[in-house]
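Just below sit the structures, each encoded as structure tokens.
Two complexes, one shared chain (subunit A), two partners (subunit B, subunit C).
On to the complex of A and B.
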């Protein structure tokens, strides 16, 4: 990484560390949403008297829901909020006077907070689930999982960057962002594993970037996705990340000409 | 002859803005229109100059600063800063300029001490450790921030923060510094410290400064004044020239004895009354009033205790200038 951008990373890491306790608390409370989903699914399994739905048992469902709950930092594109806030308040001006490229800087400045979230929240929960559930992952699966998480982070933030750029035209993107993240959750396996969807829909969704946000990492961790499919999925995720990056670059080129940091 | 650091030719900049209709329902009927913030402004700034960009709110000062620092681009016209196109070569230009946006767009990290911002600046501008140490020592001394720069920014007063903002914009020793209302709401000692630092930096390092301000004390350090109004340049020259053009009057202040009956109408005939209180009248009068009979007659009034005749101050001249503009008698460009 260029030393300038490493400096951006360092200073925002220090800034995020000022809120480390709050971020860790966020991560813990985020898990509560998983608990709600687990209770809902327990009721479904109980009243339907089924032990397995399309091969998914209540125990694997519970593990899956806790796993995707613990990767909550992949479910909300914080970069979109940062862009919106910078443009709405005009603070983008303070960034543009520095000898750094704004899109790089805004992307990097969001990483430390997510790292703290993942180290203080996701990692311990992964370990606890791994031990309690008695899961067995090979070194290759762990590696694939790590790559998938990075790809998921890139995908959600490239999408976030594209949506966040709209803030220059419509100022308040919260509604759009909320709707889109709900859609991601539904189409990406944030509410239930995609295996429960009709086969045709499952096949179509697996060709989109959405499963990389929930189902691919969750399915890798729980073993719902066979290990043999993982390299192919990783390659597909990388292609999606590149495509979204390309779109983000084109969008930014257009948007950056329209920046109106009016008044002080 | 000093070289041009900034060269602006016929800069035009418009923004799309909105206006609501009248009443509650009017908020649903929003009209959009293009507002011209700058209507063909040309100016230049020479090396080591201190130039004050003045004008009322909405006159185009901030837009001009943003155009010169590469944040905005002009609709038409051309801008060159240090022989660079600010918009096209923004990151390259940023290495050579400093920008301060008052207290509204801070550069300091709110949850960290200013020292962390200084270190960040050192790293992104590639300042050598030795230079950083000596510059920081100099800025700590001249701005009196030695006791505050290691405290969390959120705990500092506005004056302390602005001095640290100033230091963060100077650490890389830019060739030119743009300051957009740097002292709004700042206490007097901090304002004086910043003004002294500006003068010292110009003298010692030849740094050029362009500042926008509404604070008269800040203007007094400027070599040249550029006055903008409604997106047009109305005046470009030294303070003395502004005085010559818009300050062709003297200030006559009359002090009356306690309990004296004051005929305000009589004294009001001497000139334009700008202040009237118990036992006091302030007037703008003809500078040659001392030669008039009316002036001589003042001393026949036993109620007068004292008087003072002086040249108008800068704030008075600016007020007269704005009045002149509002009366639609536009001075030549």
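On to the complex of A and C.
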């Protein structure tokens, strides 16, 4: 990594470490939120005397809900907030004349916080669930899961970058971001596995980028998605990431011209 | 006493007028936020619909009955957030701005409730009311039953509002931080969407007297669907009135203990 970008990474890693108690608290609340839905679904399975609903057993449902809770940090594009903040404060103008490319720098600023959350929050929860539930993932599944998590990060943050760039025109993007994250949760399996949705809707949603945030990682971990389908899904996720990257580049080129023109 | 209530109500109304005028300037943002708050209702409806589509649902409760609970919960949380946002209040306490607002002869609690809410949460109230109207019609709820549950619902909303204010103040007094109370409120609103019976006896007790989310959603629904008798209703109303009084005096005490971050 280029030393100047590494320097940015080091500075923001230190900043992120200062909030480790907050990260632990966030992870706890994500889990508590999942616990509510676990109780609801346990009551549903129990009352209906069902062992499986559309191929989803009570144990895989429980694991799924905790897993998507533990990757909840991926559901919010921090990059969008950073972009909006820089645009509002005018910081972006000075950032553009620094000897680093602003779009790269903003990603490098965001990565440490997510990395720390992944290592201090998600990973221990994954290990605990793995041990308690007695899961057996192959090396290939673990590798696919890791790639899916990276893809999920890229997809949500490329979208975040596109929306964040629009802050130059609409100033406050927080509402739009919140709406989009709700949409991702609803259409991506953030509420329940997509397997429970009507088959036609499930088929359509699997062609969109939405499931890569929740259903694909959650389905891989629980085994709801057969191992044979994982390489294809990863390839699809990579294509979505590239498409969104392309859109982000085009949007940034357009927006950066306006930043100069406006002189923010 | 009456003078004091009248004065505080006037101040509350005047604050709302100013805040709504402010919102009118940023109409587009406001409309976006209304839709964001409506999304939580949409998510609840989707979840409940799928649950009843793929299973027999929740013991003792039909689809429309659960929709009634869920929509009441959305209306409740919309009203509560309209009056108090733990994040906003904590930020105001930390930067010292609250000190300038707590001025006699106005009641500090009314001041906090009038200024530090999330006005866009009316989206949750509107969408909740729409779903409630539909579900109540489909469940065949009579106008008399609706009227009967109004008191228990209103007291439940007030007790939850006072509770949230109390724990926000308590957390700030103890830890100089209270933003995470927003998380507590969000999780509570999620739990309130379903019949309390699914959480078992510990859950019923917790969500009735510990974290009182069931008072404004579950018990009014249980009343209109005939799942609790008149004695239970009276008991719930007594609990609500008692809790409002306790939370109110706790808030007053905590307000005296509060020290600002000093800006």
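What we mean here is this: the second predicted complex is superposed on the first by the 254 of 264 C-alpha atoms of A that agree within 3 Å, B and C clash if a C-alpha of one lies under 4 Å from a C-alpha of the other, contacts with A are read in each partner's own complex, and residues count from 1 in each chain.
The definition used in the following text is that contacts are C-beta pairs under 8 Å (C-beta built on N, C-alpha and C of every residue); 3 or more make two chains touch, one makes a residue touch a chain.
Note that the structure is a prediction, hence the values are computed from the model and not measured.
Colleague: First (subunit B), second (subunit C), both or neither: which does A:3 touch?
Modeller: first
Colleague: Let me test your reading of the model: by the given contact rule, A:142 touches which partner, first (subunit B), second (subunit C), both or neither?
Modeller: After superposing on A, A:142 lies clear of both subunit B and subunit C.
Colleague: Which partner does A:98 reach: the first (subunit B), the second (subunit C), both, or neither?
Modeller: first
Colleague: Thinking of the overlay built on chain A, is A:25 touched by subunit B (first), by subunit C (second), by both, or by neither?
Modeller: Touch status of A:25: second partner only.
Colleague: Let me test your reading of the model: by the given contact rule, A:133 touches which partner, first (subunit B), second (subunit C), both or neither?
Modeller: It touches nothing on subunit B or subunit C.
Colleague: Both subunit B and subunit C contact which residues of subunit A?
Modeller: Touching subunit B and subunit C on subunit A: no residues.
Colleague: If we count contacts the way the header does, which residues on subunit B are in touch with subunit A in the complex?
Modeller: Residues 15-17, 37, 62-63, 66, 69-73, 90-92, 94-95, 97, 99, 101-102, 104-107, 109, 111-112, 116-117, 119-120, 123-126, 180-181.
Colleague: Which residues of subunit C touch subunit A in their complex?
Modeller: Touch residues, subunit C against subunit A: 26, 28-29, 32-33, 35-36, 39-40, 42-43, 46-47, 50-51, 53-59, 120, 180, 183-184, 186-187, 190-191, 194, 198-199, 203.
Colleague: Can you list the subunit A residues touching subunit B in their complex?
Modeller: Result: residues 3-4, 7-8, 10-11, 14-15, 18-19, 89-94, 96-101, 257, 259-264 of subunit A touch subunit B.
Colleague: Which residues of subunit A touch subunit C in their complex?
Modeller: 25-26, 29, 32-33, 36-37, 39-40, 43-48, 50, 53-54, 170, 172, 175-176, 178-179, 182-183, 185-186, 191-192, 196-198
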